Amino acid sequence: MRSDSVVPEWVARSRGSLLRPGPALAAFGAVAVAFFAWAQRYGLQTLPARDMGHLQKILYVHVPSAWIAFLSFFVVLVAAVWYLASRADAADRLAASAAEVGTLLNGLVLVQGMIWAKPTWGVWWTWDPRLTSTLVLFLIFVGYLALRALVDDPERRARWSALVGILGALGVPVVYMSVRWWRTLHQVQSTPSTMDPAYATGLRLNAFAVLFVAAYLVLLRRRVARVEAAVEAIEEERALRGVEA
Amino acid sequence: MDLEVAAGESVALAGANGSGKTTLLRVAATLLRPTRGMGAVCGHDLVADADGARAHVGLLAHRSGLYEDLSPYQNLAFASRMLGLGADRGTIEAVLQRVALAAAAHERVRALSSGMRRRLALGRLLLAPRRLLLLDEPFASFDAGGLDLLESVAGEVTAAGGSVLVATHDLKRARRIVVRTVWLERGRTVQPPADRRSVADAPRLVGR
Amino acid sequence: MSQRSAGELTRVLAVAWKDVLVEARSRANFAAVVAFSALVLVLFGFALGPDEAALTQAAAGVLWITVIFSSVLAFQRAYLLELEDAALDALLLYPGDRRSIFLGKMLGSLAFVFAVEAAVVPMAGVLYGLPVLTTLGRLAPLLALGTVGIVALGTFYAGMASRVRAREVLLPLLLFPMLAPLVIAAVKGTQVALAGDPVAARVNWLGLLAAFDAIFLAAAYLLYGAVVDD
Amino acid sequence: MSQRSAGELTRVLAVAWKDVLVEARSRANFAAVVAFSALVLVLFGFALGPDEAALTQAAAGVLWITVIFSSVLAFQRAYLLELEDAALDALLLYPGDRRSIFLGKMLGSLAFVFAVEAAVVPMAGVLYGLPVLTTLGRLAPLLALGTVGIVALGTFYAGMASRVRAREVLLPLLLFPMLAPLVIAAVKGTQVALAGDPVAARVNWLGLLAAFDAIFLAAAYLLYGAVVDD
Amino acid sequence: MDLEVAAGESVALAGANGSGKTTLLRVAATLLRPTRGMGAVCGHDLVADADGARAHVGLLAHRSGLYEDLSPYQNLAFASRMLGLGADRGTIEAVLQRVALAAAAHERVRALSSGMRRRLALGRLLLAPRRLLLLDEPFASFDAGGLDLLESVAGEVTAAGGSVLVATHDLKRARRIVVRTVWLERGRTVQPPADRRSVADAPRLVGR
């Protein structure tokens, strides 16, 4: 009986460096972070003079974060469909990683927005359609992550979270439209929908920067997920063997 | 592991606590999906054709799967409808008679003793013919009459060309039912399994 | 094929009927949900009152929140029933289409929630001074469509949530954000029906509810097989 | 005597610690309750809004209803825990004063609900624009006293209702009528604390809450032995 | 009915399904109040001095009474504290060792097999000495090692002058533990009982 046979070969090979990213991933991460720093600097330097107030600077993290969060949720949808079609563990790990990164970015959008809203609008929060639907979207994926945390069986966890991911993604446009109708019937507070073309280049650059950083995080998270799955398998094996011990 | 149960054969599963008997029965009943390996019941693959396999399998589990607030009669009537047999009064009363629950037919299941519940769960298996009977520690809770009943039910299934698989620690009693015994130990594979469900490694359960 | 679907229909009805039967054998439960709803209505009365105008304005919202909380209790019961003695395992062992179980449980919960509403709406009418009788024709379809949407999604999510550790919490967590559009349409529609708000009336809330129901009913039905497939 | 009561104290703490431990082993559960509370707050936003004035007026009520719903979840969990594998039977078999079990379970729930409130109050402050930070000095005692009353009653009734079939539904049924006076006092007190309503301020809501707490706590403690004794 | 168990004696309760064995054990454990009649454990009346009786009784029931989300170790530590014994690491580990659960000491109970749970429930009874051990169908789920364990535990209790009461259908196995058997039938009253709980008619359980 080979007692180490429960350890997948790629885990055994990595000799304790599991959680450290491999050289390719590390290089990508470094480039992503450097590009992000440069894009931020570029954005801030090219701000139109009249807007040099500190407040506007948040724009270059706020809007890209929102875009990439939405993109992450779209990845969750795709990975969920992929999982149901193929039952590939890789699909589930991608979905989980994208959901976590997306929820993180979504949370950042909310926090940044609130920090911005207090000085500009005088309140932390207002029931504006975009704000409200961002919050609901955030909560949908908090539910998704809670489900993942609460289901122990890996196969069932993958299957159920794929279902919740699909329904959640289906809900996004419905939520967005209904919140609009709910709100726009009455007076609308200044919404962040008027954008000066002067911001466009900086925004686009920063959108890519956040995209790269997010992609790095997803890849890193996926690696951790693989290790977690291996640990889960080993622990279960140990439980099975523990009986006669 | 490798297990083949022939038509008309009855087999006991033995093994220490936690050796995977219950898990194997649940895989054979399509309640768990085998992580690796494959199995089939009466030619129906357990994964690809789970629905086909289900039609032939009857499981008597640790927990009976009854509705506590309904009566034994109502529980059987529901089971009968779900099997697509309608709820014929005569049939149900005959089953209740056979498992000696006629007197308690309209009590709440909640008020029944543990053995009476097991009888009712057994009665549910009598509603339709089964090709493969899976019994998980069936000797617990039954009194002498219950054991006779169990024996005759298992006998009928094998006589009709079906098979019986009994997970138990009580091999002496099991011998009244089974013809051979299979031992499980961590799934009884030659190579140690990489997964707790590997007990399901290729359980070829062929009911016929 | 048609014989097969006739068989499935029998199974759908068997599951629904069984749930109704369980409720009927413990009638206390239905009474309790109604009383619970009444108490929520009263509590809101105190929380928002004594300002009459504020109360009337909030009435539609309070009514729907009451319906949602009662429904959550109904779904949880519907599945606890199946878990108490591992009845769900037995249910999954019956041959046939497992989506019939979904439809059956949904139908059972629907009957239950409709019955609760039949008691709650008049109570809300009395407590908040709403013209529920005269507007019944417009109110009924709103209630029906709104309830179908809540029950379809609720039955779907309860099938998962009831089988995890923190089941009481997870169900609302998954369900509530998805219900946001439904709540908006239902509340607005109810306000229009009750008071005739001219601005809100420009949107076809009933149609919105119907669309919502269609999308989520179809999705839940199609995906349910994967919920119980293990 | 004093040695005996020291022994009972150990048992109280053992029960409370066990409940905290179970929560800690599934940390996700606490996060889920917090998210649930956020959802209730948002759902009320949809039901009562988008008119900001109406929302502000309703805020104190919404806050307390959120606290109550979260507490109900906590009680349900606390007792489902004991029922899952008939652990309550085992608990009742330990020699000693059974009211220690009540105190222990109450302490455990109290810790949980306080933790939830620490997250809910800031969220309500942000979403409904309440000055929770500046009025914290007046809010905290209100929250503490109100919560103790809710938890005392809830633990008592959960202990009772958990032995009955329709437990999830019976709990609120029994809980809510008793809670009504307590919640009214809490809501009114909170409104005063937040806005300084001069008329309502003439009543000593805090004193009223303290009186309710004393009554509920004493009654629940004394009666608990009879509830579990069968 | 009338039943007296002497010090150092161990008795089996036999009887058909639903004859009232479980009910009798629950009455003796003070979990049910006798409708009529009376009983006492070690001189403590079951109704008037239930608390005194509880201190001497240990019950192994159909369901184990464990916390599914805690580990075996945590379950025992809690039980130990509730018994007023503190939670001594050495003692608890010794108990886990004895019931062969040391390897699973920090798993969740939820993941244990049925026999492992029964072992843990038995382990809980080992934390404190008991004068009266009530075992409800203890042979179910235990493997051979579990049965030996059960036998030695029962032997220790009787050797220390305590008593053991075993409700079972498996008299052959029970004979390894008990010295005599009492049969129940609807409460074993001379007049047929007018009440289903009348099995509790005057169960005089004297542990010493």
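To keep things simple, chains are lettered A, B, C, D and E as they appear, and every chain counts its residues starting from 1.
Rule of thumb we're sticking to: a contact is a pair of C-beta atoms (placed from the backbone, for glycine too) under 8 Å apart; a residue touches a chain by one contact, two chains touch by 3 or more.
What you are looking at is a predicted structure, and each value in this text was computed from that prediction instead of being measured.
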item: Chain whose average C-alpha position is farthest from chain C's own; value: E
item: From chain D, the most remote chain by mean C-alpha position; value: B
item: Centre distance in Å when chain A and chain E are each reduced to the mean of their C-alpha atoms; value: 54
item: Centroid distance [mean C-alpha coordinates] between chain E and chain C, Å; value: 45
item: Whole-Å separation of chain centres (CA-atom averages), chain B against chain E; value: 29
item: Per-residue multi-chain contacts in chain E, two or more chains; value: 62, 69, 113, 116
item: In chain D, residues with contacts to at least two other chains; value: 26, 28-29, 32, 35, 39, 42, 46, 51, 165
item: Residues of chain A touching at least two other chains; value: 136, 139, 142-143, 146, 150, 152, 155, 182, 186, 239, 241, 243
item: Residue ranges of chain D in contact with chain A within the complex; value: 26, 28-29, 31-32, 35, 38-39, 42, 45-46, 49-52, 55, 125-127, 129
item: Of all residues in chain B, those that touch chain E in their complex; value: 15-18, 22, 62, 104, 112-116, 118-119, 137, 139-147, 169-170, 172-173
item: Of chain A, residues touching chain D in the complex; value: 114, 123-127, 132, 135-136, 139, 142-143, 146, 149-150, 182-183, 186
item: Of all residues in chain B, those that touch chain C in their complex; value: 29-33, 51-52, 54-55, 57, 59, 61-70, 74, 78-79, 81-84, 86, 108-109, 117, 124
item: For the chain C and chain A complex, residues of the former touching the latter; value: 153, 156-157, 160-161, 164-166, 170, 173-174, 176-178, 180-181, 184-185, 188, 199-200, 202-203, 208, 212, 215-216, 219-220, 223, 226-227, 229-230
